[in-house]
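These are the structures in question, set out in turn.
Shared chain: chain A. Partners: chain B in the first complex, chain C in the second.
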Partner chain A sequence: MIAATASPQVPWLREALWCAVIVPLVAAPLLADAPHALLVLGSALAFWRAFVIGRRSIGARQHDAVLPVSLHSNWMLLASLAVVLAPHAWRLPPWLTLLVGLLVGWRIAVMRRRLQPPPRALLVAMVSAASAGIFLQYGTLFGREPGVALLSVMIALKLLELKSRRDATVLAFLAYFLVITNFLYSQTLPTALLMLVAVVMVTATMIGFHQRQPAFRQTTALAAQLLAQSIPLMVVLFVFFPRLPGPLWGLPRDGGQGVTGLSDSMSPGSLSQLSASADVAFRVEFVGPVPRTADLYWRGPVFWEFDGRIWSPGGAPPGQAAAPVVRAISEPIAYTVTLEPHFERWLLALDMPSALPPEARATSDFALLANAPVRTRVRYEGRAALDYRANENETEANLRRALQLPAGLNPRSLALAAGLRDAGLEPQQVIERLLARFRNEPFFYTTNPPLLGSEHTVDQFLFESRRGFCEHYASAFTFLMRAAGVPARVVTGYQGGVVNPVGNYLVVRQAEAHAWSEVWLSGRGWVRVDPTAAVSPLRVESGIAASIAIDDPLPMLVRGSLPMLSRAGFAMDAIANAWNQWVLSYNTQRQQQLLRNLGIDADDWKVLSVMLLAGAAAATLLATLLALRGVIPGRRDPSVAAWERLCGKLARAGLVRLPSEGPTAYARRVADVRPDLAEPVRQIADAYVRLRYQPPDPQRPAAALAGDLRRRVRQLKI
Partner chain B sequence: MNAIDSAPAAVSSGARPWRRLADWLFNRRGREPAPVRLTQRRIFLLPTRYGLFFALVLLVMLGGSINYSLSLGFVLTFLLASMTLVSMVHAFRNLVGLEVSITPAGRAFAGDTARFDATFVNPRRLPRYSVAIAHPAGSVQSTDCPGSGAGVCMLRIPAPSRGRLFPGRLTVFTRHPLGLFYAWSYVEPDRAAVVYPRPEAVAAPLPAGGTGEEGQRTGMLDGQDDFEGLRRWKPGDAPQRIAWKAVARGQGLLTKRFVAEAGARAWFDWNDTPASLGEEGRLSRLARWVIDADAAGMTFGLRLPGRVLAPASGEAQREAALEALALHGSHR
Partner chain C sequence: MNDAPFLPAIHRVIDQVGTVILGKRSQVRLAIACLLARGHLLIEDVPGVGKTTLAHAIAKSLGLDFHRIQFTSDLLPNDILGVSVFDMNAQTFAFHPGPIFAQLILADEINRATPKTQSALLEAMEEHQVTIEGATRRLPEPFFVIATQNPSHQIGTFDLPESQLDRFLMRIRLGYPDAEAERALLAGAERRTMIDDLPACMDVAGLVSLQTRVRSVFVADALIDYVQALLAHTRRAADLANGLSPRAGLALLNGARAWALIDGRNHVEPEDVQAILPSVAGHRLHGQALGGAVPGQELAERLLAEVAVP
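And now, the complex of A and B:
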């Protein structure tokens, strides 16, 4: 649209402008900022100038730009673009979705000859207005959201002024590109299937551009055939193409928005909010049997500092970060976690982690941290001891931290704890007294607790509302323990999980988020105490669904009240998990693991490239053979092949068959020149004529005749 | 037969070593008898500029997939890259095995275009789509060839001068299925069209020296009086002879026939034409006479240096005479 304003007398200028519009447009959703865009633009222009304009003599020429596109191809293109744009319709701001819809509607009206396409000036105005609107909406034109918005609007505008085959081809390329922008948002199996449909449609559209009379069924069948034949090579490339760990040029700043999950602090209500989410947090495969639900404590961030309302990690005293020491008492359990991206650094581990995955480190409070925020699904192996002694020799500094309390808050709770401390009870007895209090007094476990005031939250909960979710109990219990002089801290994570019988793995959802306390006892180290278990034993023993009142909000998938639904849910989750494990989680690590299993040294790039090339060559050969079935000479009618072999034999003896000579005439001429060959050649010619030119004879089946023909040709000696 | 988008230009007509290299590379064999089977050794493949641009798009997609660790991005990029490669094989298979025959069809006068029919016989069951043939001078036509069937293209090649016109090296090509690859083959047919000399625009009077035994003189041919009937229009007929009323009635192009004198007889002799016209001019005049005489239904003979055509009448005689004129001076 902008390119067209250039003078047609300077074709390269036109091309360059055209390129200047298209390339940044394509790259915008993938780029973080403008300097990268300029880099891409510069190299694209250089490429265009060097290879595409310079070699115009071979291949397409200028008047490709004026070649019309058939109505059929127009509709196909529109339908393909609709399929790839549809998932974005929900993600764009409403005014943009409406604008794109209106433009597509206008295009349809033009195609049905109800409306005229807009004049060029209006198009230019719309391009500028839409770009300005997107800039106002997002504050930038680069990055995932604004990039996709820009691309969608530009595609709709380009569609509106589509005239030539070149425009249409560019739009088809952009449609392929839109497919990948969909994967930026969702890579689930349904998205993949929808996008596969889209790819077939775009390919069929492209075939239609190069066909004189495109027909829907034929172009679609050919597109499916092309794609099916590409699969072997695609698989080889997918498995062996060296995977570089991303990111290469930085991620747009808008990644990871709106992801539910644990946060790096805990306040009343922060976990009960999560109970409304059926999103999967992670999945676990155990090497042995799955432990009891009551033992499934998945450890996440640990909180030391309390300001009266919010629990936060707090900084470890400088130079005092003690090494975590775990002494396993029971045999450690091995498991593999596949963690969904949550854009934070911690990794969930079964309490208590006795060994570390290679790519993680442990903090002094036994939380596992990855080297970088978890932006993609990660898979790691863990080991846990269910019975353990953790940091029996804790540092003084840490024990002091575990006793700190905000000054002047929650006087009633402080008084309660002081009473226990002054009664001269052992720490173990203090714990039991407090748990008994939760058990016996009218405390309720609910996902929908009343809001607490801003100051004495613990007092308010313990003595007034008495309704709370796990964070309320963990917070209050830890507060009381500290007040009673026992070092204590809050641990957040998940508790429980549901075994998927279809895939034989454990699914842990966000709704299973949990918080509990750890107290340090002399001679025993850090001991887990879960006050929630005292209020609602079912929560810990049978999972959240059993412990929550029926009228409390909880997602259907988590509640699992309908057996049919939950069975279907298990099957779907098993499929999703297999998809995650085999397709989506295939990364540098898994590639190296796979190559090691195949006996290949993954670090040796020479071996890897040989493997890649050999695999690609084999797959290409396979695709070529598939594509050329029925075209290469090997698959010709064997009778014809035999006849041609005979002609070749006779030609070497100086009897070349003339192009005008049929088999019978040729046999006659051979008989004249070489009477010794007359009879066998006549018989062969007869059989050939009968096979090729005469209706089938029931007395002499074609197969027998053909075999006879081939044998005679083979036996003929000249 | 739609004209399709482009003609592949002749490969460089530059320096001689390049020429020889290209001859070797493109397996040029000179003129060949029809049918020419397009075997794999004579089919060539190169990406089109769309193919190159698509490669660029794929590179951007690969970069994006690495940057975002997008597994499905890798799947898509590799699928499309493989598809591009497979489409190259499909472009090849769209041509391989076709049997191409290029034969002159109809007649042409110098300065017009000569028509050739390109027949693509598809011996296999696999249908072929958008097989195109191009002449360096720009005419491009395409056709589909159904399985075990044939497709025909009509090719018009400029015929600037009389004589034999070989179509030269023609390019049979296809961009099917995706337009990302261009598969082509060169075919140089050994059949030539005969291009007749262009008849003089202004009809000169027929030579007066009728030497027939009857001694009759043939009169002016364009007397408007003796209208004999209509016949199908042929190239070379004067526009004022076209029966426009018949055209208006939808009967197609018809030419009015006039007869000066039935049974008129003439000899057209090279020596009757003024030497001042030059060789081509004299042939043009003779061609004009032949056409006019035939239109008038006359019997005529033709005398050229080294060649005599006995008097006869009718279409066969006219064609024979024009061909003799066309090939005058060339070795048969």
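And now, the complex of A and C:
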């Protein structure tokens, strides 16, 4: 290093040169908006510079002042904070991550006697600057993100203010609190395990605070033991603690940011975007065998209105809240869906739903809606008929809606449809003609279709590009059917799913999003027609992975090309599913159900709280009694009570008896300090010793002596 | 108290020994209490602070038959216990008893002997009998051992094993005299002649009667609670390598009884236990701190401070 050889006597110059190296390293990714990892690397370099190479050493006495707990505990505290802060590092804005990292580095440098802690004024300035920065960043100091940001920065600053054991304890408690904040973002099993590690570490740290020379293994073992002992309590609280319906922090701005899933409209490209997502949409357990993949149509929102580009639900005509009528022809299939939160109201159901889950209602087009947007994972039971008749008697208004077309768009398609209609074909024949067209002409099924213009999208797709994803086919087919005079609509949802052999359930991912058509045929009601199946039969029969060309983008988990990976994937998903089923989806309803099975009729959380509180009070009382059984003698000796009364009286006069002080020694000390009390106290001590340590005297029964002792204590005036 | 004649005698013994060992009244009293409780005594200190003189003075004042054994690294068990020698005239083996056959043994610098010789003393101390060439012989009554030892870090010493330390009821340290006592010592008569001139203050019968009396000093339930609390605390404490044994508990009670009797009381108070505990427990407690061992005496004092009197 040039600087080191050139000016070893001028540390500040060297520091400055080092900064010249480090600052661009740190600042470059910041400016380029590169991932946080680079940034962390940069700040790590800076710490290294600060405390490994720095030459300045701080005197031992000063050093002890900044290490109120042992060095070991300091490191443990830092390590536990690192574990709880690490997941947040990727969520905070880069400058905050950097700031927290730098402050922690400063603390490490202080611990290694390389730097002094900052002066108070600088700390105050940093607190205000950081708060202001967070306010500027988020526009508020309240809510999940700014709250976590504020907490993280304040913890890092508190580290630099660690001057007493109390500060250290405060930090340990803040670390516990940070554990909770992590669950505001993620409640998956890996997060839970990481936080479990964090709780053990923080607890071990706190144990270490009270030891002169804490040993890692010993404190950690004790902490783990403490946590293990608290498991019964944890289980009781988990089962009985009142569940609040809905999230506790129901801030609207937290809802559904960046959640992928079906949307409430369909345009070219909206579903093919989803094909890039391996996120789980929902999981299904069937009561019987899993139906064929080709029958697994998961019904979502239904679209009626087309503006030439976008399909949307369209307002239902007034007075048309007619309940849908489904006549099951085949035996209905029972299944249970665990739906991931998607922040919309619809619930996915196997086509065609023949019975409703109690918490849902059906629209007139057989889409299931929850009472509120699905913000948390929900579980519901459904029944479906694979062979059915749906709304054989559809209302006129609905049939009219199913024939509407945007005026003046897609003339070539209109002409094509008009040709079919004028040929006098039955609707069934029209369907077959159109499907044959998709099958025989060079149409391609791809997740990566060319962009369509803004106007005659259907024409462009049908006659020019001929490359599309399911929404293109569904849209074009429905358009043509309407143009040919057959009522039709678009249904979106998911098709297929992969059976997880480990957990024996079906996983449906976002990539399996699908769109198809439904046409209304007189005498048969609404009939599902999937034009995609005509283009790419594999899509419907074997799933999306088999039907997409190998060079089209598709998530690795969905494609499942590596058997090892997919087996591990199945196992991991089965674990995640078990976690969801047993832990996360234990909600108000399931709690009430369980309690009802136990014979407890707790209708709302208030009753439950009171019961829990009473139970906790009783348990605490019992535990206290058990713990004190060895401490407090069952039958309290009246002479001891009198003696303790005397000790209390003297203690108020400033003569506190040491716990290890016997009666005679105490009396002697009192006599030294207060000669005026010497005689009465000596007599009391003698009487007490006679009662307690001397053999019983037949001439002077204990009861009389005890009465005498009590009287003397009572009469003693201090 | 029904054995009034002997109590003043015991105080005379303490006073008389106090004229020889100056300024060490509490140690003298502890030593006497130890003998009254039928325990053996270990005196540990650097050479020249009066260990041997103390033992000598006690023996003379109590009027006991006294032998001194100087332990060295070449001392053999038979040198202590005795040997059988063939008597030409009688044509039989005749036993020549060793120095152990006395009422009070001064085992001087016991930790200079080899472990083999140390353990020969062990059986004698515990059983009040010795086994030589297959024959078991009783030792005289009363039988005391006062052993002295140099701190074990001195050159040429064999540490007494813990099992052997446990045979001693008490271990005391003399320490340097204070300035006043030292001045009196330097100015006064020669100690050896003083000891030679010491009269016996009591006889063996009186001593045995007092020893019997010690056994009957009353111990209340509350006091047993206290002793148990002390024992339990040593077994729970994280900074101790091991807790006190039941034998140590008995030693505590007996020592406290003797202390109470010297005080003229027929019952034991917590203060008695506290007075003797550092001497009784000091050599039985070992810290397990990593950096530097804490002296047993200090551990014992910490123990007293930490356990409340019930």
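Please note the rule applied: the second predicted complex is superposed on the first by the 522 of 718 C-alpha atoms of A that agree within 3 Å, B and C clash if a C-alpha of one lies under 4 Å from a C-alpha of the other, contacts with A are read in each partner's own complex, and residues count from 1 in each chain.
Note that in this section a residue touches a chain if its C-beta (ideal position, glycine included) is under 8 Å from a C-beta of that chain, and two chains touch if they have at least 3 such contacts.
Since the structure is predicted, the reported quantities are computational estimates derived from the model, not experimental observations.
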| item | value |
| --- | --- |
| Contacts of A:Q229 with chain B and chain C, given as first, second, both or neither | first |
| Chain A residues touched - chain C or chain B, whichever exceeds | B |
| Which of chain B and chain C A:M206 touches, first, second, both or neither | first |
| Which superposed partner A:R375 touches (first chain B, second chain C, both, neither) | first |
| Partner chain in contact with A:L184 - chain B first, chain C second, else both or neither | first |
| Partner chain in contact with A:T664 - chain B first, chain C second, else both or neither | second |
| Chain B versus chain C as contact partner of A:L136, first or second or both or neither | neither |
| Which superposed partner A:R692 touches (first chain B, second chain C, both, neither) | second |
| Intersection of the chain A residues that touch chain B with those that touch chain C | 213, 659 |
| Complex interface listing, chain A residues touching chain B | 23, 26-27, 30, 40, 44, 47-48, 51-52, 55-61, 63-64, 67, 165, 169, 173, 176-177, 179-180, 183-184, 187, 191-192, 195, 199, 203, 206-207, 209-213, 222, 226-227, 229-234, 237-238, 241, 243-251, 375-376, 583-587, 619-620, 623-624, 627-628, 630-633, 659 |
| List of chain C residues in touch with chain A within their complex | 218, 220, 222-223, 266-271, 274, 290-291, 304-309 |
| Complex contact set, residues of chain B against chain A | 2, 4-9, 11-12, 33, 35, 46-50, 52-54, 56-57, 60-61, 63-83, 85-87, 89-90, 92-93, 96-97, 124-126, 129-130, 142-144, 175-179, 182 |
| Residue ranges of chain A touching chain C (in the complex, touch as defined) | 213, 658-665, 689, 692-695 |
